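Once you've had a glance at the structure underneath, I'll fire off some questions.
Going in written order, the chains are labelled A, B, C and D, and every chain counts its residues from 1.
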Amino acid sequence: MSYEVKSLNEECGIFGVWGHPEASSVTYFGLHSLQHRGQEGAGIVSNDAGVLHGYRDLGLLSEVFKDDRDLQRLKGNAAIGHVRYATAGNGSVDNIQPFLFKFYDCSCGLAHNGNLTNAKSLRRELEADGAIFHSNSDTEILMHLIRRSRKETWLDKLKEALQTVQGGFAYILMREDCMVAALDANGFRPLAIGQMKNGAYVIASETCALEVIGADFVRDVQPGEIIIINDDGFTVDHFTNETQHAICSMEYIYFARPDSNIAGVNVHTARKNMGRILAAEAPVEADMVIGVPNSSLSAASGYAEASGIPYEQGLVKNQYIARTFIQPTQELREQGVRMKLSAVRGVVAGKKVIMVDDSIVRGTTSRRIVQLLKEAGALEVHVRIASPPLKYPCFYGIDIQTRKELIAANHSVAEICECIGADSLSFLSEDGLIEAIGLDFDAPYSGLCMAYFNGDYPTPLYDYEEQYQASLKEKVSFFN
Amino acid sequence: MSYEVKSLNEECGIFGVWGHPEASSVTYFGLHSLQHRGQEGAGIVSNDAGVLHGYRDLGLLSEVFKDDRDLQRLKGNAAIGHVRYATAGNGSVDNIQPFLFKFYDCSCGLAHNGNLTNAKSLRRELEADGAIFHSNSDTEILMHLIRRSRKETWLDKLKEALQTVQGGFAYILMREDCMVAALDANGFRPLAIGQMKNGAYVIASETCALEVIGADFVRDVQPGEIIIINDDGFTVDHFTNETQHAICSMEYIYFARPDSNIAGVNVHTARKNMGRILAAEAPVEADMVIGVPNSSLSAASGYAEASGIPYEQGLVKNQYIARTFIQPTQELREQGVRMKLSAVRGVVAGKKVIMVDDSIVRGTTSRRIVQLLKEAGALEVHVRIASPPLKYPCFYGIDIQTRKELIAANHSVAEICECIGADSLSFLSEDGLIEAIGLDFDAPYSGLCMAYFNGDYPTPLYDYEEQYQASLKEKVSFFN
Amino acid sequence: MSYEVKSLNEECGIFGVWGHPEASSVTYFGLHSLQHRGQEGAGIVSNDAGVLHGYRDLGLLSEVFKDDRDLQRLKGNAAIGHVRYATAGNGSVDNIQPFLFKFYDCSCGLAHNGNLTNAKSLRRELEADGAIFHSNSDTEILMHLIRRSRKETWLDKLKEALQTVQGGFAYILMREDCMVAALDANGFRPLAIGQMKNGAYVIASETCALEVIGADFVRDVQPGEIIIINDDGFTVDHFTNETQHAICSMEYIYFARPDSNIAGVNVHTARKNMGRILAAEAPVEADMVIGVPNSSLSAASGYAEASGIPYEQGLVKNQYIARTFIQPTQELREQGVRMKLSAVRGVVAGKKVIMVDDSIVRGTTSRRIVQLLKEAGALEVHVRIASPPLKYPCFYGIDIQTRKELIAANHSVAEICECIGADSLSFLSEDGLIEAIGLDFDAPYSGLCMAYFNGDYPTPLYDYEEQYQASLKEKVSFFN
Amino acid sequence: MSYEVKSLNEECGIFGVWGHPEASSVTYFGLHSLQHRGQEGAGIVSNDAGVLHGYRDLGLLSEVFKDDRDLQRLKGNAAIGHVRYATAGNGSVDNIQPFLFKFYDCSCGLAHNGNLTNAKSLRRELEADGAIFHSNSDTEILMHLIRRSRKETWLDKLKEALQTVQGGFAYILMREDCMVAALDANGFRPLAIGQMKNGAYVIASETCALEVIGADFVRDVQPGEIIIINDDGFTVDHFTNETQHAICSMEYIYFARPDSNIAGVNVHTARKNMGRILAAEAPVEADMVIGVPNSSLSAASGYAEASGIPYEQGLVKNQYIARTFIQPTQELREQGVRMKLSAVRGVVAGKKVIMVDDSIVRGTTSRRIVQLLKEAGALEVHVRIASPPLKYPCFYGIDIQTRKELIAANHSVAEICECIGADSLSFLSEDGLIEAIGLDFDAPYSGLCMAYFNGDYPTPLYDYEEQYQASLKEKVSFFN
């Protein structure tokens, strides 16, 4: 959630509900709990007895939907919604989801979380055949494939399309007569089914969204599944049976909310376990353990508990940082003006500190925090990272697309330690991570995707293969 | 900082800087770290070589000052700023500070934190004598008193005015040739002096604002002092020598940021001590300690540490709650839709839980959180409050103005426990609070104001006396 | 231009420039003079050395482009722009033009004025073949046809597409290496070529846009032409040679700005002639002639001049009406509250008045104005309409789509006179209109489209034929 | 109304209604018709059974009050409103009226049109005596005088205050129990009383506001009068009997709407008479008469009628100019880009033109229009100004405050003619103006203020005297 000080970004949260008289409100509150998955845009498509209405715009959910009237226009008993993270330069409303397609024969809403590995080649083929795309998003591809499919039924068309796209994807479609969810063959992205007290079924990226709307957890969507929800309940179909779990480990480490469960494992508990195992793997004598707010607090408390060293609040994060567009000038920064994190002088001065963070991307943030702590009087700062070194890009929906931006892809742990100015540095081991999360799927790494750490991608890389191979040969220095 | 779930509200944060080429930017960043003290409005008055410029509006600081151009208009080497909490109905920009007064013979900016106890009678006297007020704020009174004073010098006029107003006040004035800070005779509100690396002096409600702008702490402003800052540095004068420390204990308990120091005591450390002493005073067997985010996390970790019971993240607060104007309908609330806090089922289910909170006002929030935890499967919920019961209103700047809204003014601890549905309930003792904070002024309660807990007000109540006496005779029931 | 009191609406103005360093600014000023052709949305696509940038939004041009920075983002030496009139309910930004298409092999901007008569069937065919549309606008069709064409060159693809669409259309396309304009085979919509002082070529819906940007008029685009503009100047090609002028007579009567010339005829002069001929055709004794502001002032002064009766300003239009969303309640309307037009009591009281208007659609406005004049004391109100009765819908780009809304399609002149409460009523004859405009093309009606008056459509009606035939059988009464 | 191309600015329109259930809506529509008197800010204060509510902001009325909800908050049976013209730099909402004062003993709203000649000295005296002003406006002065008066009754306090202020003023006050209007002893500004169909009384700057809300004209407010309106109707009182009409002649010439009557004289008719007399005083042979839109159209038609020369629409004004913040760069201007006015080439090319305008301030606009007409091919341009040369500043409410900005104060008619590039130039004579308006008060100039033309100010100039005398000695050249 400390997305502002990190260059890691999830690409979206999705939500859908079928069978509730205030469907768009329910979707609003569901999306609200998924806001940490994307802050750049939001939208809702509702289904009013077969007529689909949509609204979407750039900004936080609360900026897109400002008051009740904004939701009242989205009438109907069913709705899907989306919160989006957008990379700079693509900040056009055209890319905000859900997309709403209106055809002469039907209408359809579409929301997507993930990244397709063959999007570029599919888009080029489709365009060469006359297709017109209206966004930069790879989400549109699915709809072009469906509409061009020669299969008979919409379900067969959908299956054919889902078999054509590759990579990581969790889709929710709103049709006039049903709502459909689908998950890629590896289950990279989380997707859960819940049921509200009035019987309405909901689909959500994370279970925290079920909690927020008072829904009971029913089951996770499984890899390769198509879930079809209508007034009769939900049915399960498959577009493929060649599936193998490879759940994104970064969801547990950093992205998901601590109160969410993924594949039955609570995220806070997993993080606390990461801290506990890290304490065992990389002990150090110190006066206190402090976590980098907010995503590392669970791991830090696990480390403290396992080590017996007191847990202290040595760093404070400004709660109002999210939407500030005014930043200190270079000159003010040099004079020590900073906005996001403050070290608590009264706590850390004269103390040996263990600083627990969830991960290191470029190292810039870690260096800054170590410096903050030392300026506030910390005698020693021992950095403990509750995940293995990030060395490889992700192609399934997380914004780590080049090895050049990963310090651990270019430097040894000792070099990183020197670079960030820490007195010592340790990372959690890969085995430690797998143990901490504790999945037990019959799949490599117990069902986790560990590719960012070891380059072992669970699928072919398609359009990214060439660029990836090239990146393996490059090295850059993070010492300037 | 969890101001949304609490009916306690501070009335403002103030900041000033003299001698920095980017004075309005420095003020922006200083105010940014004081945003927790008021979210309803913000403003800055700058001093450009004797010409004062001002801008203020309703909203968060980042909404009032949207981009760099908004600050560039506020040129000059000195500036003062204000963030404001406004009670409903007074949401007019006329009440947003700093006020900027332009007279034929001079200009003056004025920012105020606190509450005057004789504001009503002073205003009536002034109006009866022809004065025209343009806001509902009691801040204007000081300027009317200054302008009507028959004293010779501006400093004597100011002293006379400061001797006339009663209650809790921390003022910063921006004059053409100097910046002035003043603190009431009891020092109810915190106010600190710092110095930036370039030599510029700053004044701020909390020391966290000094940290954020890279300023060194110089000293606290003392009760009865007038601090005059100009290009030659700062000088200290007094409007009264009859002073006695009565620092607001709620600053330590709830309002101030954990990284601030007040009277040399770190707020996080004080809170952790409150938790530690509470653990000793009110032990209970349980599986875990959880804090109500965000203000109770320090106390909860102190309790956990002292008791040896693990500290867990059993409650998660939505980071994006602050500016949401869409609220669940009654029907959705009954169906369990909630936005602010979620209980972490995976953590608390089947467990005995100690829930630490900083204070109880009406009890509504506590009841809701206990219910949340039980619905998430907690077997027992033992509530521990890291401050004594709130029984008396505050007249010095905190929005607890009537005993009717205070459950502890109307019910015993056992009744409150029943009302909030807890399995047990304990409060920190008054002595425990005083010990936890650990001031040692030669004044009652070691220099704290404890009036909310015991009705022992350090000053006469003036305009509030009658209403206060009446309130002592009223009783209301919080069981409905 | 009195579009607010009339239910006639043009569907758009288009503009393009190639070869000017401030192309998007030039486009802004050009569009500004075309704002009367559409007030619901505006957009610009610029060409920055082959890279196309676009921005569009709902609202007046001055609302969409608020300050210079909004234009500075649209860099480049060429640009096209569009102002749009949108029917209620389609008020989505998706429909605002120019459309900007980005393909793997090229980019293209597209702006359109007009209406296609085979849009519905083309769209259905394209969708059935897998095409996905992203707007309700028929403009997208052209791009789908181009992209699906099997022809070799882009120019042949464009020609094929232009041969496929039917109806009224004026297009401007921005390609990476040239700007292209095209006009339908009847030249329903005006489209002119101009040249700026620096040599840049411009294309505009009306010549008033050339005046505003200081460009010289070069020539009108002729029916069936494709104009290709690049750094070498402009070349003329044709997509068809089967052409015949049928210029929209409503452009002369009502839509176009009086300072525009269409096919060499000045609009103000044509209107003044309409008034002159009307005075000869339908004389009446009276004290004064007044025009309904603003579109009828030219005709009224013509009538006055020819009749020798003084021209007076008996009606005043509020200049600030355009963007007012607060309207009088029914009760206030009944009490006589009105906002748009006021009768000048001091001028009309006790007088016999000739009120000249350009056209009558439903008669509601005329009735209201007659009533206004009588309430202000006019003894007699003789209504003279400077065009023939509107009896038939338009399918080529003007929003008169059903005979039910046309009082003259359902009532005789005598009945209309009674309905609007006038003392007498006369319309200009069809011959009078043709004479007043004075075109001399070798085509029916000297090259005018007179279909709204006589149902003589210059083309087949395609998708509208059925609906049109049905409408001929319906009759409704405008007396309620 | 062509305020954008002229440096003349009225300072406000005021409106009030007592006794209508939709008082704030009525005020909105009344102000809407007065928008030409001020476009920089607007506000309304309503009276809801003795409780006053106010709202005001910068911008056009339709920007300040965006939808019905904005008015619904201003409940009550009575309301006053204000539209304001503000000089650059004072664009603060603090200056927008009506002011709403809330005292311990009463509340009061205040709206003002005019300018006080002793404002500066009164303000200085009041401030020296401790008064605090919150705006730059001189309107506040009246309230300070009222509140400081030692008289017994509010009416006597008001009279004393009205006797103290000097210059031009029309006030409307909203008290809890009545609405009060007052006019200065010379009646510089127009102010009329009307009555709605339900019996409610209204007060308005111009009678066009009565027409718009369906009210009947009752009478003009006379110089020196105080009109008190409550549920029993209206009563007339006086604060002075030493009165003499000196109605602002610029209201007839330029400011007021043509459909307004002032002192019983219709503005359009007066303007047409100015044109007629001008034709007699300054005939010239030509092909056509054209008026500068919009304010000169009446005078132009009068000139045409009297001279027998045809009236043509040779200049067209863009209807959408009002709120455009994007202006052509210098370079674009040099290339001929212009936005506000266009000459109609098809009308004026090859013709001798008489261009009628209402007045000349700096001559810049006239020069530009002459140039426009010549570039469009006019052979000769004879400028005829329907008022005498403007040579002296106004101190009673019109923004002509220095002789340096008046070309006629610095140059002869022949020089002005040369400067603007006209083939001939004539102004209406002073006697011609007086005759055209046709008042018959027993006062100098039949009751008109002619000071702008001859320097004969009807009152002492007080605070402006020194500056005025100095200005008489200065001369500047308008040839650059």
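The working rule: a contact is a pair of C-beta atoms (placed from the backbone, for glycine too) under 8 Å apart; a residue touches a chain by one contact, two chains touch by 3 or more.
What you see is a predicted model, and the numbers here were worked out from it, not measured in a lab.
> Which chains lie in contact with each of subunit A and subunit C?
none
> Taking each chain's centre as the mean of its CA atoms, which one is most distant from subunit A?
D
> From the mean C-alpha coordinate of subunit A to that of subunit D, what's the distance rounded to whole Å?
About 61 Å separates the centre of subunit A from that of subunit D.
> Roughly how far is subunit B from subunit D, going centre to centre by Cα mean, in whole Å?
A distance of 50 Å separates the two centres.
> How big is the gap, in whole Å, between where the Cα atoms of subunit C centre and where those of subunit D centre?
36
> Using the touch definition from the top, which residues of subunit B touch two or more other chains?
Touching at least two other chains: none.
> Could you please write down every pair of chains that are in touch?
Per the contact definition above, the touching pairs are A-B, A-C, B-D, C-D.
> Subunit C touches which residues of subunit A in the complex?
Interface residues on the subunit A side: 93, 101-105, 123-124, 127-128, 130-134, 136, 140, 143-144, 147-148.
> With touch defined as at the start, can you tell me which subunit B residues reach subunit A in the complex?
1, 22, 25-26, 28-29, 32-33, 35-36, 39, 60-62, 65-68, 70-71, 196-198, 208, 211-215, 257-259, 261, 265-269, 272, 294, 297-298, 301, 304-305, 310-313, 316, 318-320, 322-326, 328-329, 331-332, 335-339, 342-347, 376
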